[in-house]
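After this come two complexes, each holding chain A, first together with chain B and then together with chain C.
Let's look at the complex of A and B:
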């Protein structure tokens, strides 16, 4: 349409008359959207910082109370007591591992027979109970209902008999007899089959027999165990008194806080009568300064007893290490004994250092703010909601997150990049059209569903596999925990493979085809071209893919919450590669698990915010680094 | 398997015999007959889309990678060996028939590694041999004096003309016998173009060059023989001096005098 035909086209639009046009309106619409996003992001960061940074002064006060009330003093002794208990437990485990290892055959036989029987009763139990209950209640034993129930029971029984568990350590004959005795059991028979009890008795007898030559070890362990009793009773006595002091201080703190609120309200009140009333209330609620001096003096009087108990325990321990056998015959027992022997010198060294620490301890030493920061960042304990003392140390969580990420990346990097190289460089068009959507489809699985599969299928299967005799050379097998770092890492690997795959494939795809052409014209084969030209050219893009995969893994919450086992403890690295089969907790998981339950504004609540800030910073750094690599590739 | 194309003979002439070539169902080259002599420069000229580059890429079988492209009739012999014979290893063929592309395409690594690439592919690990070959190739490509102090720097830092000469050095470092050039100067300024042409002139006693070009002056300056392509056919193939002074066909004359193209 030309202007001559419709001259009004040239006239300004009615919006334009008011200094406004469609184009500008559209521009402002998008500008305001972008602006809103930035504002919201800024608000989130401000909120995080506001809630989080209040943590450090709050934690400082908690640590101060911990010191003033004397909890710290008690913990000096308790630390050694805990170490003593752990050593005792390791020795006991070694003792039982030795005995059970020596009668492994009887143990397996007994376990297999009772496992078979238990699986059978689990399956038939409910229908059997129905028959029993109704045969007592029914007046005529031949009623129609009872018949049906009996038929149902028989059916269930046949089904259970058809799917009995394996018993590799029983002979064919024994198994047949056992099954026969199970089959012919009367409905109301509640005893275990004779064969099962016999095997259990055989096992117990074997244990007793094997325990005889180990009597010396037994009494050594017992004497070590009882060597700690003096220190133990002293610690529990002191515990009670310091807890009482702590509660007094905390009570006073709360009153003081309320009084401040009242005073603030009073100074804000306009009505003079109202103000006077609030002031009076504040004055009456003025807390008595809690009596700290008295209990602390009492506590400090325990000093000589404490030191004496430590010296006694040290002397006993030094003697007992000499009485322990140098090794044991069973693999697991020998490993445990070696671990105990290894940590023994550290235990004794700690005992020796303790008296000095006890003497040096002062209840009124100041707690600077930096202490609360450093004990957050380097604290080895995350203990919350206990009546003793809350500690917010991030190391166990950070270690868990890191270990899971290592497993996930070790699995996902070769798989993701390998798949990307194959699909882009070697696959036929048909393979490309199948493989790419399938790998990208993994991303569509909601992480909670993946976690669900992880618990029910993967965790169980992995533990069953870990029981195979042929795999016992793998450290950490058989698994103690079904949910552990490795299971979580495997699932996270599955989740990060699509990320790494897609981005790495893009990076490889973005390598100019001229490079490949030049290489081929020089007589390079396809494989040579891929590995000598294409992959090096795509390297920074592939690195970015890996980093973004790492960001995805460390920020993932649902799967780790469900599958990592959620034990808040720094993994025991002395287990070597077996460390990866221990349960752990993560930075993300702890927030998801605890934030809903903590009182708003408490120190614990704020601690979770600081964890959030930390995660935010880590993921932001990773992503920023990844983008730098991507940009580097573009130029 | 044939190790070199025909090691006994020094003959590296290229003979294209009754060649038909098509992409899918559309024919691109029709009944091409060419006898390209050895140790000289042969230019392919002609308007865009007439099949010059396609024929060039047939000589080292770069078209093998294109799924729908195939030779429907005829064959190409180099030194008497049919390069489309099933016994010819395409990787080895390309070691004898090097190629330089229209757009310079050095690898994103050091100058040294670019030139050494072909040798390393061949499994050459001896540092002394590599050093010597790299230096020699860079000398041949008249690039040595410009880059000798920065061999370990990225090749992408070179100017366009230097990059193209580096690509030539990379192609001749493996001592091919035929060098194919697909419009090697189309992206270069006149000075860089002159340098590349000089280079071809200096090297032609040792190699057989085949050059696709849109630049008539270039064809007349550097080549001994010229083939004029039109609509997938070779209209005229003769000594360059003769074609440019006294073309036999009217189409040729129209093209070289710039009446179409």
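Let's look at the complex of A and C:
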């Protein structure tokens, strides 16, 4: 309204009168609600950083104590000792794999027979115990009751006999005899059936027979195992003293912290009497600086012994590698031996470096803050709640997350994109209307339900399949662990297929139909059109779909928490493809598992928030890249 | 008969076989997914349906839905009969047959009784978080679609929505734990030790203390609402934009203000769309476990949320059981055996039934809406 019209003459319309400010207030109300999203995002970032950033100084102090108390010094030797133990165990496993592999027939027969018998006793055990207890305990047993119990036992027995496990390596005759002997057992018979013990004896005899030619290997392994005993006793001796020092330092740290709290309270107190009281309390609680010099000097006196033990171990190891056979006949044994031989030179090289490291170690070297950051990002151990020393290294968790994502994406990308191409390009309208809702409905399944299926059904089914004789050529079969990277990967693939499917289908759908029409007009077949024209045009959209699927897989918690096996260890990559059948732990899983149990404000608690920050950053980067691809497609 | 096609193509076109193979492989991939999904549902229905449904009238085992969750006791009596009783009935049994011998007793946590507690808890969490998320989300969407023009503020909001939508649920759990459980302000006469900041209010010693709401229904609802907010905003904005511009123009031309236009001419037409898509958001809220693990959920609770409270508002500050967390507990914390199957598969079946009916409902509603609202 312009001033020339002389507004004072016109009565203002009631909308105008009521409100410029009223309208504006409504607008600002809505704007503030929209701004809430920014506030939430900011709060997430601020609080993650607030809890997380305190981790690095705290961890720095822990590493400092680790050094001052001499734990680091002991760990130099302990690391080699652990490597020695692992090598010994690999050699032992190779030895037994060789023997058992050579008498595999006897082993299977014995195992199957005892499995059958054990399944039977598991089922009938409780009712049988009832019969036994009641016929012994009371001098004049209630005959009515005893009769009932016996009938119950017979019933249970019949049920158990009807559902016995399969025994593919026993002959029909043997199986029948075994079942017959089980059936005719007396109630109070506690011995194993004769056939089971015979088979076990046969197996032991076969083992002994096969062990004869391997005696040289056995004695080599034994001598290697005993070569580490000197170092072992030295390490355990030093361990005790350094742990005592560490406890002293930690105790002093806690007292110091309390004193600071008291001082802060004193300066805040208004009442002068109370302030004086708090000040005196603070002064009296001033901790004595713990004596670390003495124990460290004592520890350093062990240096020559340590070096001597290491040299001895090195000499023994160099000698023993020459005595090991070049290969073994059984597949698994040969693989283990090869792994041991492969890591042997590294072990010796480590041993050679150790004396220099022992001499160069100084208890008073500073621990800069960067050390705590780098040992978090590149640390190979996530050890918490132990007596020795807590380490917060992210690598085992990141490796687990990555391996699971690889399995999930390898399965989900071809399936998801293939299904999208089929549904969009080849399927009849009727097929489309059936398949699309079903696949999209998978998205609505809560992740905890998938995890439940994984833990109760899929893991067991997979392990049973892995026991099939015809599949033994697959590395990692038979499965050692029911819950592993592969199980988790399969379920996450199922979770990410709908994401990849619907986004890829959208991308293909958004390709202008003129492209396909032009291609068909030139005489291309439908398959040619799809793969040469439509998919290249939709490529960046499909890539975005894959990235968003990846973001979903990395950030998923419940499935991996339930199904990944939760072993905090970098997977053993020497197993080749069998690596995918090992259990692992993940970035998301560790937060869900440990946050509820740690004391608030502790270094461990803060470490979990740093993992959260890392996860946040990774997922946001993936999503941002994906959205860049989507925008590229739009233009 | 003359067929011009014959002039061009004789027999099968070149590469026909290859085409068939490619189609076959792609169809195979598609149907493998469908088959796996079908197997999964079949397994859950086969094992879960017998828990909930019975052969006799009234066909539904209401006890499983309405009884509290308890520890299951399995034992034999002197006659060799096997009993499976939840803790309360087990105590009744002991009182009734005092002195009668009991053999082979085993207990299974969380496996007896029904799942009333988890169902009610999930319902409360869902309702609470949806109320919050719909209020703030729809308001934000109104701003974005009705008021906003290109500006750095709008750009920042869109970026924030995009980023919020991508954050993993466990990070929302961390966020909810550090903000709603440990840091938000409460008004109380006795601030806790861990309070970040206390502001005296000078009314009866009451202070505003930034000490958080503890693990409670409130904290869980707030966390879930934050998580679902971007979904609600995006869906609501879409349905607001679907209302034709002409409606607004006509209303404004009649002299109505913006707010009147929104209230009378835009919201009523977009409300069905908003509600339909929020049904889908409900399935997500009801199904999430990670955000409520540390903010609201508890594995075992004797009372239903409204029992044993001093004032009705205490329900907000009490912990609740939740169906997804209950399933997690049943799957991870207790050894599986034939006696726990009823609780395990029954809970999963009920949960899946709930989620499935919500999402099928939203699909049907959306289809109806599309055919009805055509401008």
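Rule of thumb we're sticking to: the second predicted complex is superposed on the first by the 585 of 635 C-alpha atoms of A that agree within 3 Å, B and C clash if a C-alpha of one lies under 4 Å from a C-alpha of the other, contacts with A are read in each partner's own complex, and residues count from 1 in each chain.
Everything that follows uses one rule, which is that contacts are C-beta pairs under 8 Å (C-beta built on N, C-alpha and C of every residue); 3 or more make two chains touch, one makes a residue touch a chain.
Keep in mind it's a predicted model, so treat the numbers as computed, not measured.
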item: Partner chain in contact with A:603 - chain B first, chain C second, else both or neither; value: neither
item: Which superposed partner A:33 touches (first chain B, second chain C, both, neither); value: second
item: Touched chain A residues, chain B compared with chain C; value: C
item: Touched partner set for A:129, first chain B, second chain C, both or neither; value: second
item: Touched partner set for A:160, first chain B, second chain C, both or neither; value: neither
item: First, second, both or neither for A:444, with chain B first and chain C second; value: second
item: Partner chain in contact with A:525 - chain B first, chain C second, else both or neither; value: both
item: Partner chain in contact with A:435 - chain B first, chain C second, else both or neither; value: second
item: First, second, both or neither for A:542, with chain B first and chain C second; value: neither
item: Intersection of the chain A residues that touch chain B with those that touch chain C; value: 525, 528
item: Chain C partner contacts - residues on chain A that touch it in the complex; value: 13, 15, 19, 23, 26-27, 29-31, 33-38, 40-41, 43-44, 47-48, 50-51, 126-127, 129-130, 133, 142, 145, 148-149, 151-153, 414-415, 418-419, 421-423, 426-427, 435, 437-439, 441-442, 444-449, 451-453, 455-457, 494, 497, 501, 525-528, 531, 551, 554-558, 561-562, 588, 591-592, 595-596, 600, 608-609, 612, 615-616, 619-620, 622-623, 627
item: List of chain A residues in touch with chain B within their complex; value: 512, 514-515, 517-525, 528, 532-533, 536-537
item: Chain C - residues contacting chain A, complex; value: 13, 15-16, 18-19, 22-23, 25-27, 29-34, 36-38, 40, 43-44, 76, 78-80, 103-104, 136, 139-140, 142-144, 146-148, 153, 156-157, 160-164, 166-175, 177-179, 182-183, 194, 226, 229-230, 233, 255-260, 280, 283, 286-290, 293-294, 324-325, 327-328, 330-332, 336, 344, 348, 351-352, 355-356, 358-360, 363
item: Chain B residues touching chain A - in the complex, by the definition given at the top; value: 60, 62, 65, 91-95, 98-99, 101, 103, 105-109, 117-118, 120-122, 167, 170-171, 174
